[in-house]
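In what follows, chain A forms one complex with chain B and a second complex with chain C.
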Partner chain A sequence: MFGFIFRRILMTIPVMGFVALFVFSLLYIAPGDPAAVIAGDQATPEDVAKIRAGLGLDRPFLVRFAEWFFRVMQGDLGTSIFTGLPVSQMIAQRIEPTLSLMVVTLFIAIFVAIPMGVVAAWKCDTWIDRVVMSFAVLGFSVPVFVIGYLLAYAFALQLDWLPVQGYRPIKNGVWPWFENLILPAVTLGFVYIALIARITRASMLEVLQQDYIRTARAKGVSQKSILFLHALKNAAIPIVTVIGIGVALLIGGAVVTESVFAIPGLGRLTVDAILRRDYPIIQGVVLMFSFVYVLINLLVDVLYTLLDPRIRY
Partner chain B sequence: MRDNLARPLTEQDVVVARELPDILEPKKRRSGLVGFAFRHPAIAVGGGVLLIMFLIALLAPLLGTVDPSAIAPSKRTRAPSADFWFGSDMLGRDIYSRVMYGARVSLTVGFGVAFFASLIGLVIGLVSGMVRWSDGIIMRVIDGMMSIPPILLAIALMALTRGSMGNVILAITIAEAPRVARLVRGVVLSLREQPYVDAAIAAGTRMPKLIFRHILPNMLAPIIVQATYICASAMITESILSFIGAGIPPSTPSWGNIMAEGRSLWQVKPFIIFFPAIFLSLTVLAVNLLGDGLRDALDPRMAKRI
Partner chain C sequence: MDRRTFLKSAGTAALVASTGGLSAPALSQGANAKVLRFVPQANLANFDPIWGTQYVVRNAAALVWDTPYGVDENLVPQRQMVESEEVSADGLTWTFKLRPGLKFHDGEPVLAKDVVQSLKRWAARDPMGIMIVAQQQELTAVDDRTWKWVLKKPFPKMILALAKNNSPCSFIMPERIAQTDPFKQITEYIGSGPMKFNKGEWVPGAKAVFEKFDAYVPRAEKASWLAGGKNMLVNRIEWVIMPDPATAAAALQNGEVDWWENPISDLVPVLRRNSNINVDISDPLGNIGAFRMNHLFAPFDNPKIRRAVLMAMNQEDYMRAIVGDDNKLWKPLPGFFTPDTPLYTEAGGDILKRKNIAEARKMIQEAGYKGEPVVCLVAQDQPNTKAMGDVTVDLLKKIGLNVDFVATDWGTVGARRAQKTPPGQGGWNMFHTWHAGADCLNPSSYTAIRANGDKAWFGWPTSKPVEDAIVEWFDAKDLPAEKTAMAKLNTAALEDVVYAPTGFFLGYQAWRKNVTGVTKGPLPFFWNVGKA
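And now, the complex of A and B:
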């Protein structure tokens, strides 16, 4: 197994290389002249030339990519055009809120979505199933910021149960930290819950048709342990996969959720960077999130072998 | 037991089947559009709502709207009333008119991205699946692209270009096309194993004919289903891009940028966000329903599973 894990880790290196290559090529894929766009409408030709040189657009692609790649490997993501600070430093300052938001969302989503999917599969073709599935379709159809405003309007403005906006660092106490994260996490978790619940239901339906489930029923095993011990364990692989893949939704959604709830995390950093046309920051954030996403899916692959000893690569 | 079986059959052993009509009512199957709608309610409802949205987009000037960019500073942020059905925004523009015209942007982006992403993904997936030596390289690049969360990819591209509808469609297409390419490649690889494809190759069928006669027709169903999901996700992505200021400039009303303008006032004037949100969610819901319905109708094996 350790051999497999080692090989799997080695396999992520070329993927990360291609991610880096692609993120870097965005400067060349984008239509029009990126330097002129970043410089803004009032820029003089000298400004544009300066930015072009700063982005390295005046030198050959491969030379520039090699240089950039080596600097990224050393943790140097470039310098912000607006503040002049190193991008890696600006990202490091903003990691805590985003990480908190995503971890809380992950926990809420998993604890809500999996029971939902299991119950929907158990009560297949009843009204419970239909309610869960309707929720799932709805979750895919309402943009995350709309959910955010709806929840904030209902639970913060009208009912006054939770804070409207803002973030409290965890070092100032766990409850204030958590209290501020409940609404954003539920908002961000909406699509994620829909996705996980849908796959859980599908995977459970498949497993519940197996012979050993019928045998367990015949033995008189209780419904609860059939569902959660016999079936869920064997339905776990697709569920774990989609939890990993869905992190992409969480990352994209975090950018928006942080804007709605005024959380000073990486999402806010990105949105502010868009308004200031501060491309090095956007590039750095995209690269970092993509690496995290690759690592999470590496973790998922490793989890497979723990969940299902039959899997051997 | 054995003796019983060995004796010749008597009258009582033979169970005479009753005539079929007594047991099974002949299944009434309505024909025509109504029958289709009853058999596939998801397609009917989704398609119906989508049709209404198309009509709104097409007939926006005739639906009692005023100029969506007409500014009236004295009538800013009015609540919904007889004059302003959906209220007015920070510049006094009529939100009802902006929402009606906004349908054009969302539908164009959704269907534009669905079309171009499917087309590009189809070509890349076909090449990857049919041309053996290219598969490794193409799939590595696609793995790399798919490791970038699509919204971030679109944001990064929009940060490098001017906000316009064409650029938004391009950015979301680049973010969505790898998914189609991977789906198409998977289908091609499984179709290649089919005996009829082997037979066609053995009969000397040339590559273009092989693709257009034998591979493509069998791929249409999954691509159409995938295209509807891409359409839904593109409309959501457009609204997110516009919402964070990386999308379509406010001079062209889109459901996303109407909501973006209501952002700072949402606590006191929630209606600015509410109306475009309802229209956007309804449209995306309709497209998703249509996708689910098409999936069940085109691939009955998948029906009711996911």
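And now, the complex of A and C:
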């Protein structure tokens, strides 16, 4: 097992190298000019050219890539073109809100979606099943920002239970932290709940047809134990897989959710950087997300072995 | 500790935490009243008002850095850091004296050498500064409080140059910071203005914090825009960046923010219905909508075709697309200058009143249009440019031009408009933008009106009558002479179609009723703004 984990971690190095080259090249050929944004609308073309030269953006592709790549190899993600702050510092400023949002969303999603899927499978073809599946279709169909606006209107503006926007660090207290995350996490979790609930239902339906389930029933095992102890564990592999894949969904959804709820997270940092063409930040954030995604996939693979002892690497 | 005890302890801790047991103490009402939460028009992505000349940077900089002079609400320059000035009889030597007691945020006194270095950096970037430098003999500090600017030729607009609120303003920094190359960004944000910038709390894209500078000595005169006494009634100003207008509207209604600089017109009715919110015009100088045609390439290298486009335009279509049905927010603009200001003129503006599609179509055929595609860049992420772009495309089709509509984002437009290559090779034929009315009062900071070919703004128009009129304005010694020059300029710029003005429009601002002292102006003025 440890050999497998070590090999997988080693494999991340060429993956990250490829991602780095791909992102850098993509940004190089993408239209846009940060110098023009910095210079402002009244600037003359000469001003823009001088700022571009000052930023070193007029140098050849290979020189810029080599310089950036060697800095990244030393753990230096560079400096933001606009703020002049180190990219690592800007990512560090933003990582807590995004991480908090994703963790709370994951908790809400898992604790709501898995029971929903299990119950839907158990009550297959009844009105309960149809309600759950209708919710799943709704979760997939309604855009994140629409859900966000509706929740903010109801729970913040009308009922005045929760704040509309913003983020409070956890060091300022657990409740203020959580209070600001409830609406965004529910918003972001909507599609995720729908996805997990559907997969859980499908996987459970398959397992519930198995002989050992019939045997357990014949032995008089309670319905609760059959569902949550015997069936769910064997249905868990696809569920864990989809939770892992869904993290990418969360990263994408966080961009919109953070904008709607004015959360100063990595999603907004990325969008702002793309709109301004702040290349070092875009490169740094994409590299970081890629690394996180590779790690999550590794974690999912390791979890398989815990859930199913027959799986060996 | 066994498993059950551990779970009990953890559960108790979670309960205490969730009921607020671990929360930070809430701010008292008094303390809260000293904090003003403001939603600016855009993200404060950098904070060097000379290197980056976006309006949002200028607006924040006006809190932190002071200027030698400031314009008041009558558009008249007034002394700000300066105590007195003297100009020699031949108009060549300007001597300025700083008022006493001025200090930077690091406690150091403001000296003439700081002013001199700051003006050198500013003059390298500012159009008026560049004109002064072109005529400069020397710019030197005479003593700690006095500096002198010696010129080869009189420059009657000197005080206007040092007072104007157009970006870049002549912000005064400590000498060591002002020594930074004007095309590189400063890293220390120390000024002598009424508020200090809290760099430690700055989260670009999310928050910027300003704290009251206790050693600031305001002028005794009543505050008026950038002039007069800048008395701070709050201790802390937090700029909360909100990319989503609906969120900003909800936050204002919920009392989570106090003042929103630029609510979009769609949300204004909602805000008006809230009894705790005031809504009013933000900047009486408003904005001038524009699209620019590339004078280097066909078909717009032909002045007849440019004039045909002007003749066909209906500015109401553009303005309705931007502001909707609110008639208080727009007016037609047969010219290039801000309405209701001293130098406003409509001379030569008849072409913009004709709105004659048939005649324009005929003119285009007579001008020898060969069906070349018109590459029209339209930034979709800016509501104003998108609205204008949609109207223009319809207009061009109606007058028989072959349109290549390029829907893109503002970042791409910003880069592509600088390309002088032919439209089919990465260049362009037209793009849309708008100019702050404060920049369009006269030619002093009006880069977009210049028609000096390669050195002109994007589109690179060439027109000797336009340039002659600009020189005439700069040399004008009194208001009647300035007005004469402005009439010539407006006429010539329309004749050669330096650009196409699409109309004049205003915007709103909104604030909670417990906030006092909010004024209308080209930028948000925070001095004398209080919060109950």
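Worth pointing out:
Here is the rule we use: the second predicted complex is superposed on the first by the 268 of 313 C-alpha atoms of A that agree within 3 Å, B and C clash if a C-alpha of one lies under 4 Å from a C-alpha of the other, contacts with A are read in each partner's own complex, and residues count from 1 in each chain.
Criterion: a residue touches a chain if its C-beta (ideal position, glycine included) is under 8 Å from a C-beta of that chain, and two chains touch if they have at least 3 such contacts.
A quick note: this is a predicted structure, and the numbers were derived from the prediction, not measured.
Residue contacts after overlaying the shared chain place A:Tyr149 against chain B and chain C alike.
Of the two partner chains placed by superposition, chain B and chain C are both touched by A:Val164. Of the two partner chains placed by the overlay, neither chain B nor chain C lies in contact with A:Phe190. By the touch criterion stated above, A:Met90 is placed in contact with chain C alone, chain B being left untouched. In the superposition on chain A, contact of A:Phe24 is made with neither chain B nor chain C. When the two complexes are overlaid on their common chain A, residue A:Ser259 makes contact with chain B and with chain C alike.
Using the contact criterion defined above for the overlaid structures, shared-chain residue A:Val37 touches chain B and also reaches chain C.
In the superposed model, A:Trp68 lies in contact with neither chain B nor chain C. Judged by the touch definition given at the top, the superposed model places A:Arg277 against both chain B and chain C. Shared interface residues of chain A (contacting chain B in one complex, chain C in the other): 31-32, 34, 37-38, 149, 153, 157, 164, 259, 271, 275, 277. Looking at the complex, you find that chain A touches chain C at residues 31-34, 36-48, 50-51, 53-54, 80, 82-85, 90, 93-94, 149, 152-153, 156-157, 160, 163-166, 171-176, 178, 259-262, 264, 268-269, 271-272, 275-278. Those residues of chain C that touch chain A in the shared complex are 14, 17-20, 22-24, 43, 45-47, 51-55, 125, 127, 166-167, 181, 183-185, 187, 203-207, 240-244, 246-248, 250-251, 253-254, 256, 381, 408-412, 414-418, 433, 435, 439, 445, 447-448, 455, 457-458. Residue ranges of chain A in contact with chain B, taken from their complex: 14-19, 21-23, 26-27, 29-32, 34, 37-38, 137-138, 140-146, 149, 153, 157, 164, 198-199, 201-202, 205-206, 248-249, 251-253, 255-256, 259, 270-271, 273-275, 277, 279, 282-283, 285-286, 289-290, 293-294, 297. Residue ranges of chain B in contact with chain A, taken from their complex: 140-141, 143-145, 147-153, 155-162, 167, 170, 174, 232, 236, 239-240, 243-246, 259, 263, 266-267, 270, 273, 277, 280-281, 284-285, 288-289, 292, 305-306.
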